[in-house]
Amino acid sequence: MASRKTIIGIIGGAETSQENYRLAYDVGKYIAGNGAILACGGLSGTMEAASKGAFDNSGCVIGFLPGGEKSEANAYVHIAIPTGLGIARNILVVRSSDALIAFPGSYGTLSEIALALNLGKTVVYMPGTWDLKKIAPVDSALFKEAFDASQAIGLALNSLKGGGAI
Amino acid sequence: MASRKTIIGIIGGAETSQENYRLAYDVGKYIAGNGAILACGGLSGTMEAASKGAFDNSGCVIGFLPGGEKSEANAYVHIAIPTGLGIARNILVVRSSDALIAFPGSYGTLSEIALALNLGKTVVYMPGTWDLKKIAPVDSALFKEAFDASQAIGLALNSLKGGGAI
Amino acid sequence: MASRKTIIGIIGGAETSQENYRLAYDVGKYIAGNGAILACGGLSGTMEAASKGAFDNSGCVIGFLPGGEKSEANAYVHIAIPTGLGIARNILVVRSSDALIAFPGSYGTLSEIALALNLGKTVVYMPGTWDLKKIAPVDSALFKEAFDASQAIGLALNSLKGGGAI
Amino acid sequence: MASRKTIIGIIGGAETSQENYRLAYDVGKYIAGNGAILACGGLSGTMEAASKGAFDNSGCVIGFLPGGEKSEANAYVHIAIPTGLGIARNILVVRSSDALIAFPGSYGTLSEIALALNLGKTVVYMPGTWDLKKIAPVDSALFKEAFDASQAIGLALNSLKGGGAI
C-alpha cells in the first residue's frame, strides 16, 4: 500500500540509565529520519527517550498506554492510545511493530521480547537487556544484538526487506 | 501537549449503502481538514470510505484490525494495528478516540456506541444507525444526531472544547 | 466432551431494583439446578444476585472482573478472574457463555448484548432491559424475551439443544 | 471468602517430552488433590497433561483458549473460555492464577513467566524451562526451582500462605 507506514517498536524500562536514555533518544531520531513511525508503551524512561528523539526529528510517535487516560503519555507522543488493558497492552506494542528494538528493562520488557519472537518478529537487542541466547537456542535470524543506535536501526530496517512483514 | 493529536473515531458497517459511503467519505475529509487523526476498525464499507476521505485530504488514518495481519487493512490506512484481538478490538477504536461519529451498522457498531457512552465519550450519530434514545433515556449531551458531514464533524469537535477529553 | 460444562452468562446493572435482584437470584438458582456454570462480571447488583442464587444452590460461579484484584469479586464467586482489562472484560463474559440472560442495565450491559448478538449467541432478555427490536430488525431466533426466571433459563438452555454452540 | 477457590496455573509447551508429560500429569493430579483449580491455556502437550491429571483426580480445569471456539480445548477442560484474543490470552492464565508452575516451553511460555513476575506472582519452574536467573538477578522469593511434582505443588501452595494473593 502506498499509504502504509513502517512501524518500529521500542521496548525497555520505564527507568533507565543516562547512557541508555541517550541511546534510545538516538534510535528514536533514526527511526524518524528513516520515515518510520515509532511505537512504544508511551510512558517514561526508555519510552520517553525514544519518543523525544523521534519528536525532535519531526517523526510520529504512537504510545500504547496501560491506563485509560491520554494524559498518562509522555510529552512526545502524538497518537496516545489509552488502552485500559494494563500490562496486556504490551501485545499491541509488539503486534503493531514490523520489527522491535529492545533496551534493558524488567519483566515487562522480557514479555514483549517473548511475544515478538513468538510472532516471528525481529528483535534487535541492545547490550544489557535479556540475552536469551545464553539460556536457550533462540533463532539468531530473529534475535540480533546491536551495539549502537545506527546499527540497531539498520538491522531492524534490513529485516523488513523483501518480506511480507510490512 | 503540543504534540498530542485529536483523534476522531468513525464506526459503522463493513457493508454500507452508496449514500452512506459518500457521507463517510466526506466526514473523513473533514476530519483530515481539521487536523485530526481518524481512527477506525480498518476494514471495508464505512471504515474504508472514511479512510479514503481522510487519505485524499492528506490526513492520517489509524486502523485497529481484528486479525493479526496488516494486509487486512483497507488501502487508505497509514497506521495499521493488527491487534489479533478479534471483535475485542472495538474497545481500542473507542478508547483511542476523543469523540466518535456513528454510521449505520450492525451489532459491532452497536457495541462501539455502547462502549463509548459507557466511557463518557460523545457519540455523534447519523440517520439510520442505532437510535438508542427511542428505547432508553440516553444522555443527550453525549449522544447527538447529525444530518450531514459538516454538522457531524462540528458536533464532534465542539464536544472537545474546554474539556479534559483530549 | 464428557468434561465440558455448559456456561450461562448473566448480564445486567451493578445497581438493580429489589425486584430484579430477586429475579436474578432465581435465575442463578435455576442455572445451578440445571448443572450449568454461571458466568458474569463478578461485581454487585445483578451479578451478585445471580451469583448468590447459584451459590445457594451449590452451583459454580465464574466472575470476570475488570480490575486486577480477586478481592473485587462479590462473595459468591468461586472462580475469580481479575482480568485487568477494564470494560474490555465484557467480551470474556460473552465469549465464555453458551447463551446469555440480560437484565436491565446501562451501557455496559448494552455492549454485552451487542457483542453476544455479533457472535451469534442467544440472548434471553428480561423486561426493562434494552429492547433492541423496537429500533432495528433483530434476529428473533437469537434475541428472545422472557418474563420470569423459569422461562428465561428454559429459553437459554433450549437454544443450546442440537447445536454446536456448546 | 468461603467460596473463593485457589487457582494454580500450569504453563509450558504445546509440544512436550514423554517425561514432562508425565510430570505435568502428576502436578495436575496434586493440584486437584489439594482442592485447587487448575488454569492453563487449554490446548495440547503440557496443558493437556496437567488437565488430564486434574481431571483424573476429580479436579476442575479452566482453559483460556486463544481462538473463539470451545472445541479447541483439550478433552479434560471443564470450563473452556474461548477468548478470541490470540496469544494475548496468556495474560488471563497468569492473572487468574494465584501461583504458577512453569514447564519447558517456547516463547509463549516465556511471556507467561515474564508477565507473572511482572505482577509479583510466584513462578515455580521445572528443569529445562527458561532459567532466567542465569541472565539476570531475578527475585528468588518469586522464582523458585522444583525438581519433582510434589515439590512443585508444595512450593506453589506455600507461597500463598499468609498472603493477600488468594
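Which chain is which? They are A, B, C and D, in the order written, and residues in each are numbered from 1.
Definition applied: contacts are C-beta pairs under 8 Å (C-beta built on N, C-alpha and C of every residue); 3 or more make two chains touch, one makes a residue touch a chain.
Keep in mind it's a predicted model, so treat the numbers as computed, not measured.
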Comparison of A-D and A-C (more C-beta pairs in contact): A-D
Chain A and chain C, separation of their C-alpha mean positions in angstrom: 40
Centroid spacing, where centroids are CA-atom means, of chain A and chain D in whole angstrom: 29
Residues of chain C whose C-beta touches two or more other chains: 68, 84, 87-88, 91, 119
Chain contact topology (line, ring, star, complete or other): complete
Of all residues in chain A, those that touch chain D in their complex: 87-88, 91, 106-108, 110-111, 114-115, 117-119, 130-132, 134-136
Chain B-facing residues of chain D, complex: 68, 84-88
Complex contact set, residues of chain B against chain A: 1-5, 7, 37, 55, 60-62, 68, 70-71, 73, 75-84, 91-92, 95-96, 119, 164, 166
